[in-house]
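For reference, the structure I am asking about is given below.
Chain IDs A, B and C follow the sequence of writing; residue 1 opens each chain.
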Amino acid sequence: MRSRMLRRRRGAPLRGVLVSLMSVGLVTGCEPSPTATLFVGAASSMQATLQTRARAFEDQHPDVRVEVIGDSSSRLARQLVDGAPYDIFVSARVDLSDELHQAGITSKPVVIAAAGLALAYEYDPRRPSARPLSSIISGATNIGIADPSVPLGHYTQRWLSASSDRSQVLQRVQSFEANALAVERRLTAGEVSVAVVYTQQCATLPRHLRCMPIDTTPILYTSALSRASSHPTLARAFLREIQENVPNSARGIAR
Amino acid sequence: MTTSPLPRPPPRRRWWWLPLLSSIPGLVFIALPIAALIWIGLSDGAMRALWRPESLQAIRVSLGVASAATLLCSLLGLPIAWWLARDPPFGSRLVRGLAMTPLVMPPVVAGTGLLLTFGRRGILGTSLDAVGLPISFTAVAAVLAAAFVSMPLIVLSGEAAFRGLSVAHDDLARTLGASPFVRLRHIIIPQLRNPIIASIALCFGRALGEFGATITFAGSFPGRTRTVPLAVYQLLQHDQESAVALSVSLIVVSFLVMLISGRVIRSS
Amino acid sequence: MSLHVDVELFVGTQPRLRAIFSAARGDVVLIVGPNGSGKTTLLRALLGLVAPTRGEVRRDDEKWSSGPEILVPSEARGFGYVPQAPTLFAERSVGQNVALGGVCRDLSAKKGATAAREYIEAFELVALKNRKAADLSGGEAARTSLARAFASCPRHLALDEPLAHLSEDSRRSVVDAVARGLGALEGPHLIVTHHPAWFSQVNPRVLRVQKHALIED
């Protein structure tokens, strides 16, 4: 009599599929990877360069994976303070790296590259000769800059406050992007015709875009080891790799 | 032998086409972006991108996080639904409001709240960290983030499920001598089975698509917390084709879950 | 064994019914009265589903309820209840519904199966055994509800207008089956009805509700 109540055989195989779908996830989705993984929190404008270094490092150390996670330096610094498990922090803001060092969260930051700001703009074949900055700005329909809360935006504001084209630029700005790569994306997608980016981003821009350096105050990129790293020896090895090789590539080897 | 004529079908109501016609704009609105995604996502390059280890890894993380989050939501949320369904004399409006809050909170704000509670410097986080149990930026954080935003769904639909229980049937079983265990097994659980399965599927779908709270509280660490939505966000910066392929995979998984749970429900 | 009832039933602050009566083993008590006179409430109080506002319900020396406090729960009172609405499980078959009686009472598998078979036959449900309860007519559902109550092998039966949905022909055979079933059980039994004449073959005692009172002399 009880078996008559339990007449659910028809549903069993389907439920089985549902349960196995979920348990595949439960069992394998959260297991740690067998090889050692280094997490590098990198300012997004450095992401591409560091990924090249990461692949080179992985070739030399076959059982190590290096994951480069790009975001704005300010957000990365905040995450580090909140205990995010980065092994290495590459920052576009010296003041932030110094703060973290003072707080004992990272080791002493080492400068690995210097960069500047550049104005990237669409090349107009009708006016091939180099144009003055003001002409490019006033000829733009819209301009892309980063949000002042992120390093690129911070440096952009610094330049603007000392520039005579400030009002012209601000009139044409429609949105403030979340990081350097977002600004670049707007430009390459054609949604803005002029953008303020880092000089090393110029190397990887498509052909129809040109760059003009605008701010001579150098922006320093630093790298540091996180004190909470679970693989300090490996992390130091990768730090050495960055510190020795990045200054060459940051000046613009095409991806 | 005389056969009576077949009964005529009832005459069509006037303006029978009105509900159908007025639904079309809404359906088109939903269908077009999905169609666009599928169109790009099923191209050769996109399909190849899907089989890359990073993509598969993101799918695995997503499935694991969503499953664990759904389990957590069920364990924590169904008791609330049960209590609310009994119309308690006090506190129900407050509790219901509280349970609904994650639904109206921007997920990033929810993630910030979680960080303030469980983060290294958070209310509970400092003690947890001291005991060697850091939560933020781990897979556990991703699960908590997804669970937090999905709780309202299971509380809401769970309450409907519990309200649907028939007191008359339970009373009858009691008079026939059924112990609470017998009533639970033969009367209550059969009535709850289908609505609760639907609630769980709903919760799973929401947990699968969670982004804002996850990226804020758990960060975007590949293999650990980088779920499909986070991976798509990352990929959109430089490889739109792969991003689309991964998005389509998530759509397919959600669709499968809804399909399977629908079949399970109908197979009683 | 006998049931002793001396209760006052209120609904909210409105007095509904004052009932004082006893019923001995083997008695079949018919409770007759106008609509809304509290007959169903009285039945539910005896079943333990509601507590009377005042008074007590007793079986021999065992106090079932005293005042508004229920001392012995419904599960332990040994009733087979057939409510006014059949309250079947819509998604289950007739056979499964009837068998549920035995499951609730926790009868042994063999005893439950035998009882279920016996009453499915007695109430002429054999042809409908595999039909879903949702697809039954009013009369068929009423018979299924009766069969379920009997198949749980109760001590007492409490029937609330059991013949209401039946046509005249089926009424006769159902009353026959009920009479036979009641004869096999201990009793006392209670039947709420508007038509005491239909039950004459079970030799009932008829108690009538008059002016909110059901008092036996």
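As a convention for this text, a residue touches a chain if its C-beta (ideal position, glycine included) is under 8 Å from a C-beta of that chain, and two chains touch if they have at least 3 such contacts.
As the structure is a prediction and not an experimental result, all values here were calculated from the model.
A.B. asks: Find me the chain with the mean Cα position closest to the mean of all the protein Cα atoms on display.
C.D. replies: If one averages C-alpha positions chain by chain, the most central is B.
A.B. asks: Out of A-B and B-C, which chain pair has the most contact pairs?
C.D. replies: Spelling it out, more C-beta pairs touch across A-B than across the other pair.
A.B. asks: Need the CA-centroid distance for the pair chain A / chain C, whole Å please.
C.D. replies: So the centre of chain A lies 76 Å away from the centre of chain C.
A.B. asks: Taking each chain's centre as the mean position of its Cα atoms, how many Å separate chain A from chain B?
C.D. replies: 32
A.B. asks: Hey, how far is the Cα centre of chain B from the one of chain C, in Å?
C.D. replies: The computed centroid separation for chain B versus chain C comes out at 45 Å.
A.B. asks: So which stretches of chain C touch two or more other chains?
C.D. replies: Each of 100, 103 in chain C touches at least two other chains.
A.B. asks: Please set out, as single numbers or ranges, the residues of chain A touching at least two other chains.
C.D. replies: Only 5 qualify.
A.B. asks: So which stretches of chain B touch two or more other chains?
C.D. replies: Where chain B meets two or more other chains at a single residue, that happens at 186, 268.
A.B. asks: Give every residue of chain B touching chain C within the complex, in rising order.
C.D. replies: 166, 168-169, 171-179, 182-183, 186-187, 190, 268
A.B. asks: Given the complex with chain B, which residues does chain A contribute to the contact?
C.D. replies: For chain A paired with chain B, touching residues are 5, 8, 10-11, 14-15, 17-18, 21-30, 33, 37, 39, 67, 69-71, 79, 81-85, 181-182, 185.
A.B. asks: In the complex, go through chain C and note every residue touching chain B.
C.D. replies: Touching chain B from chain C are residues 47-49, 73-81, 83, 85, 87, 89, 91, 100-101, 103-106, 148-149, 152, 154, 158.
A.B. asks: For chain B, which residues are in contact with chain A within the complex?
C.D. replies: 60-68, 70, 115, 119-121, 125, 129, 134, 136-139, 186, 204, 219-224, 237-238, 256-257, 260-261, 263-264, 267-268
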